[in-house]
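Shared between the two complexes below is chain A, which pairs with chain B and chain C, respectively.
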Partner chain A sequence: MSAAAHAAESLRERFRFLGTATGAIGFFLLLLVLAIAALGPFFAPHSPTEPIGVPFERPSAEAPLGYDVLGRDVLSRVLWGGRSVLALAGLATLLAYAAGGLAGLVAGYSRSLVDPIIMRGADVLISFPALLFILVLITGAGTSKAALVAGVAIVQAPLVARILRTATLEQSVRGFVEAAVARGEGTFAVLRREILPNVVSPIAADFGLRFTYSVILVASVNFFGLGLQPPDADWALIISENRDGLTLNPWVILVPAGLIATLTISLNLLGDSVARALGRSRAGVLA
Partner chain B sequence: MGLDRSATERYFDWLGGLVRGDLGNSAAGYAQGGELPIWNDVKWKIRNSLVLAGITTLVMVPLALLLGVVSALRAGRPTDHAISVGSLAVISLPEFVIGSLLILVFFAWLDVLPPVSLIAPDVNPLSEPSKLVLPVLTLLGVTTAASIRMVRAGMVEVLGTGYVQMARLNGFRERLVVWRYAIRNALAPSVQVFTQNIQFLIGGIIVTEFLFSYPGLGKELVDAVNIRDVREVQSLAMFIAAVYIFLNLVADLIVVLLVPKLRTSA
Partner chain C sequence: MTEAAAALAVNGLTVSLAGGEPIVEDVSLAVAPGAVLGLVGESGSGKTTTALALLGFCRPGVRVVAGEITVAGETMSGLGEAAARRLRGRLVSYVPQDPESSLNPALRIRRAIQDMLDEHAAARELSTVEEALESVHLPATGAFAERYPHQLSGGQQQRVTIAVALVCEPPLVVLDEPTTGLDVVTQARILAEIERLRRERSLAMVYVSHDLAVVSQVADRIAVMYAGRIVEEGPTAAVLGEPRHPYTHGLVASIPDYARRRSLRGIPGVAPGPGDRPRGCAFAPRCPLKVERCELELPELEEVGGGRRARCFEWRRTSALVTEARKEARTGAWEAGPLLAVESLSAEHGRGHARVVAAHQVTFTLARGECVALVGESGSGKTTIARAVAGLHAPSSGRILLEDVALASKARKRPKEARRRLQLVFQNPYDSLNPRHRVRDAVSRPAVVLRDLPRRKAEAEVGELLERVRLPARLANRFPDELSGGERQRVAIARALAARPDVLVCDEITSALDVSVQAAVLELLGELRVELGLALLFISHDLGVVAAIADRVLVLEQGVVREEAPVEALLTHSEDEYTRRLLEAAPRLPVRSAAS
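Here is the complex of A and B:
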């Protein structure tokens, strides 16, 4: 097999999850939502914060989705409102992977008291209901994007740590790891060059699920009004602040709710098909 | 408030009160110039939350068992695909999205159910069932979907084992094989699921009560966070966490009772 054919084969292998119906549907729905969130602001006809109409007026030529509680254009607010949830949830997930991943690698590789100490700490964190933890944190730290991101990351990190610890433990008894140790390589080099590349697939299998959970937590806290503050445009916040106008202009609830639903469903479908393609069965449970 | 004493003293005073069922006084009460015991304010809300959680569990368990088993028996066929993809989709939805869409359908369009579930302090929520329907439906979504997937996974595995085949070869009716032989061991991995469901239920109750303005513990907690009533938040959080751990324990015991295999293993 030529090098090019081999590369094409490995590429095809990597994107095998797209061949399944759920994978393809999830992928394209996710692209759609990402496009709306990323490019939306460039197409917004009005300012997302400027009142220009009668509150809760129904759709018209001027405002295709009508107006919200303060007479702002719903379409413009929706087009602006996807960035925050994706950015905050994305950042929280990455932080969770950084912290939880490091803890899991160290715990799985250490074979000393470090392992039980880290993992029992993780158990304690897991045993506290996620949303409750974030609410208590916000009570102490005040409402801010930093508190929200930190809260979601802390809730997710121990779950990442558990998965990575198991995967690392599995790899650390393999011959190539022992060979590296025998060559006299340092712990850090062994972890980075020998173990990390081999635990990528459990990370990939789990990533969609973690990201979905982050989106749900971030959106829920924003819905409580305890994350982003008005006049920020954010899908969850739009739903929360316009609940009273539900019968007057249903679009103001329907569209952002539909977008959040599309985002989380597509993420989970995609995550599920990636997990299946990697040969890992997953029950699709968030935690 | 005992601010003349040291932090350690105040902490043990608070902790001592807590284990004796005294949740302390809310900051809101001091702001009004008197003592306002948190317990008096929340005890009827605890009952309301329990009613909500209880009804949800009563509907969820049989529904999840039924759909999970049906899905497993039809594994790979259209019914199974529909249930699997459907539950995967529902699991991904935040409760406030499910709830908002339900309000949209049942209040804005059909106008058959109320969008808010305000209930007076001395009224039993069970006497106003129409106000409970939408909150319960909202809570059912995520918890049922998660359970269905776990029951299905356990069932598919057990249906392939030798003892199920043996039971079938003995000529037992399929219903007997499924509900007496297979289901028990299919539930063995469910310990974590039950635990997880309680986690979903607590998170879900906080969101759902806030969404429907249902006077329960979750709504009270979010309101307390909103006005930064640290005293109330810490007591409520401790209380909810304690209930959570207690329910986990109960769930573990129930599963051990149900699944004979787990009784002997130490």
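Here is the complex of A and C:
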């Protein structure tokens, strides 16, 4: 097989999850939500913060989704409001992977006291109710985006550490790892070269779930008014501010709630199909 | 033997993958009551698929597309799952390969046997659980029947699965590699058990195995499968003594036998998988007797005399193929001064109360260019010793010296030069290569780490190293899962050679390979010894393999050296009782006689 054919083959392999219905639907929905969040502001007909109409007025030609509690255009606010939740949740998830991933790798590979110390610490963190932990942290540190991101990351990191520790433990007894140890390679080199590439699959399968959870946490905190502050446009904040107007203009709640739901559902579908595709390529069709 | 009287008759069986690629093609077999048919082949030959089809079963994604299977006059083929299940156990039963995973760990063995009885209670007057246990020489006590599978040894577990298979007294039993994974002494006992049961009950059996030597001990007739088809079939002694098909010949020549030391000949190349089998004879690409016709037409399974059939145009020429006696790599004394010395090495597993002694006061030396073998059953400590030498297992006492310099117990604490000179090849080639690294990365790495070569230079050597282990240089771009087991093990050897070692520690490196591949790997090691002056520390449980390669042998039992002797002396007139027991238990081919 030529190098080019090889590259094409491995690319096909990598995107095989798209071949399934769940994978394709999840991918399409995620793309849709990401496009709305990223490109929405360019298409917003009005300012997201200027009141221009009657509060909770129903949809009209001027405002296709009606007006919110302060008489701002709901469509414009929704188009602006996806960036923050996605960026904050994404950043928090990445941070959780960096910290938790490193801890899990080290814990899983070390045969010493390091492992129980790291993992019992993780257990302590996991034992706090997630939302309560973040709210306490924000109350102490003051309301800021940084505190929100840090809180979500701290809640997620021990869960990531657990998954990576198990995966690392499994890999660290394999022959190629022992071969590297017998060559005298350092711990860092063994982790990076031998183990990390082999634990990418469980990470990839887990990422969707983790990201979903971050979105929910960020949205929840924003809903409580402890994350982003008015007049920022944010899907969760929009739901929170306009609770009273549900009967007057239901669109102001339904649309952002629907977008958050679509985002989490698409990530779940995608994560699920990636996990399945990886599982299949591992086991092979016939022994 | 008439069709009606046969315990098993298979006609034109073809089994395919869902995509249409055939796994098994046009297989016809017959087994008389009380006879044992050995179904032999290497991995991917379709023998297990055939065996499962005899039970009216196919693995997911596989289906029977043609053929008729009759067991004791009743048709097994073309039945629905429910109908086939009613016949299974009563008409035909199955003894699986791995008893540990086939017995439900949550069920007591009484339950396992009773389930089978309950399923077919209406069929006839049946024996009890205790009688079933007694029939396979297990203690027929209530207490024993109350045990869980994990409380039994591997040999006992396999006896239980045999008891389950026999309790409903079916006329036919299919045994799928029933002794693979058991040590030789246990294997010999199980084989004797099978032979006794067959005699006493006049059971018909289909014995599936990759191991010709084992099959030759139990089977009356042998059918050899290659790439989904039967290539040769006939009486055991005749097929093995005077093979008519070149593949059978190659297979027989690959089998190590401690009593007849000869150089093993591997079969070059690999067997084609389903979907890429050639139009003509599937063995043609690897065949020494190939003529033009072989690639164009598929030979029929034709009568070749003496109640035998072979699928080869050129079968008359097969007997001209010869095997050679083993060439000694070197004779006479080894160079003065040992290269590697192990002095009173002791090693343990676990700590505290769970501590197990794996090696006790083991002492031996290895000279430059010499091959010393450590032989023993599983649990004898041979692998622990190899790992201690490689710096992967810290010994509890004793020293390891490389040219009179004591080595640290951990590889990382050893000087780079010592790590370079001592290389390890692992047992399982499916595990010892990182699935995410291309062959090029795997093979070039030791040169980068241990010889301080820049990466580019190290990679430039890869092609040469691959050719040295008789692999095409283009494999450098492949990932391990694109290679066969034999190819992977060669890559692992090439990786070890990249460090330019003086000592190669080989830990059961052929035990996961098919015999024809094993022979080829052993052949390669023999050549490398001569070319590079490598010293080998060769770990194996197989005396036949050891006979083919070693100069000197240490026999280990539970971590203690029972005997140390030159290979010839040890194999022919050992004084040690344990060694003799190992030798007697080792399965061997019947001594070649003029079969006619």
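Heads up, the rule we're going with is that the second predicted complex is superposed on the first by the 279 of 287 C-alpha atoms of A that agree within 3 Å, B and C clash if a C-alpha of one lies under 4 Å from a C-alpha of the other, contacts with A are read in each partner's own complex, and residues count from 1 in each chain.
Keep in mind that, in the parts below, a residue touches a chain if its C-beta (ideal position, glycine included) is under 8 Å from a C-beta of that chain, and two chains touch if they have at least 3 such contacts.
Fair warning: this is a prediction, and the values are worked out from it, not measured in the lab.
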In this superposition, the partner of chain A with more touched residues, chain B or chain C, is B
Partner chain(s) touched by A:D234 [first = chain B, second = chain C, both, neither]: neither
> Between chain B (first) and chain C (second), which, if any, makes contact with A:G175: first, second, both or neither?
Replying inline: second
### Message
Which partner chains sit in contact with A:D206 here, chain B, chain C, both or neither? Use first/second/both/neither.
### Response
neither
Quick one: is A:P197 in contact with chain B, with chain C, with both, or with neither? Answer first, second, both or neither.
second
* Asked: Once the shared chain is lined up, is A:D68 touching chain B (first), chain C (second), both, or neither of them?
  -> neither
>> If we overlay the two complexes on their shared chain A, which of chain B and chain C does A:P129 touch? Say first, second, both or neither.
In response: first
Is A:T247 contacted by the first partner chain B, the second partner chain C, both or neither?
first
Chain A contact set shared between chain B and chain C covers 285-286
Per the touch rule above, chain A residues touching chain C in the complex are 1, 3, 6, 174-176, 178-179, 181-186, 193-194, 197-198, 285-286
Per the touch rule above, chain A residues touching chain B in the complex are 22, 127-132, 135-136, 138-140, 142, 212, 215-216, 219-220, 223-226, 236, 239-240, 243, 246-247, 250, 253-254, 257, 260-261, 264-265, 267-269, 272, 281, 283-287
Touching chain A in the complex, chain C uses residues 17, 59, 61-62, 390-392, 411-412, 414, 416, 419, 423-424, 426-428, 431-437, 442, 445-446, 449-450, 477, 495, 499
Seen from chain B, its contact residues with chain A in the complex are 85, 87-89, 91-97, 100-101, 103-104, 107-109, 115, 146, 149-150, 153, 193, 196, 199-200, 202-203, 206-207, 210-211, 221-222, 224-226, 228, 230, 233-234, 237, 240-241, 244-245, 248
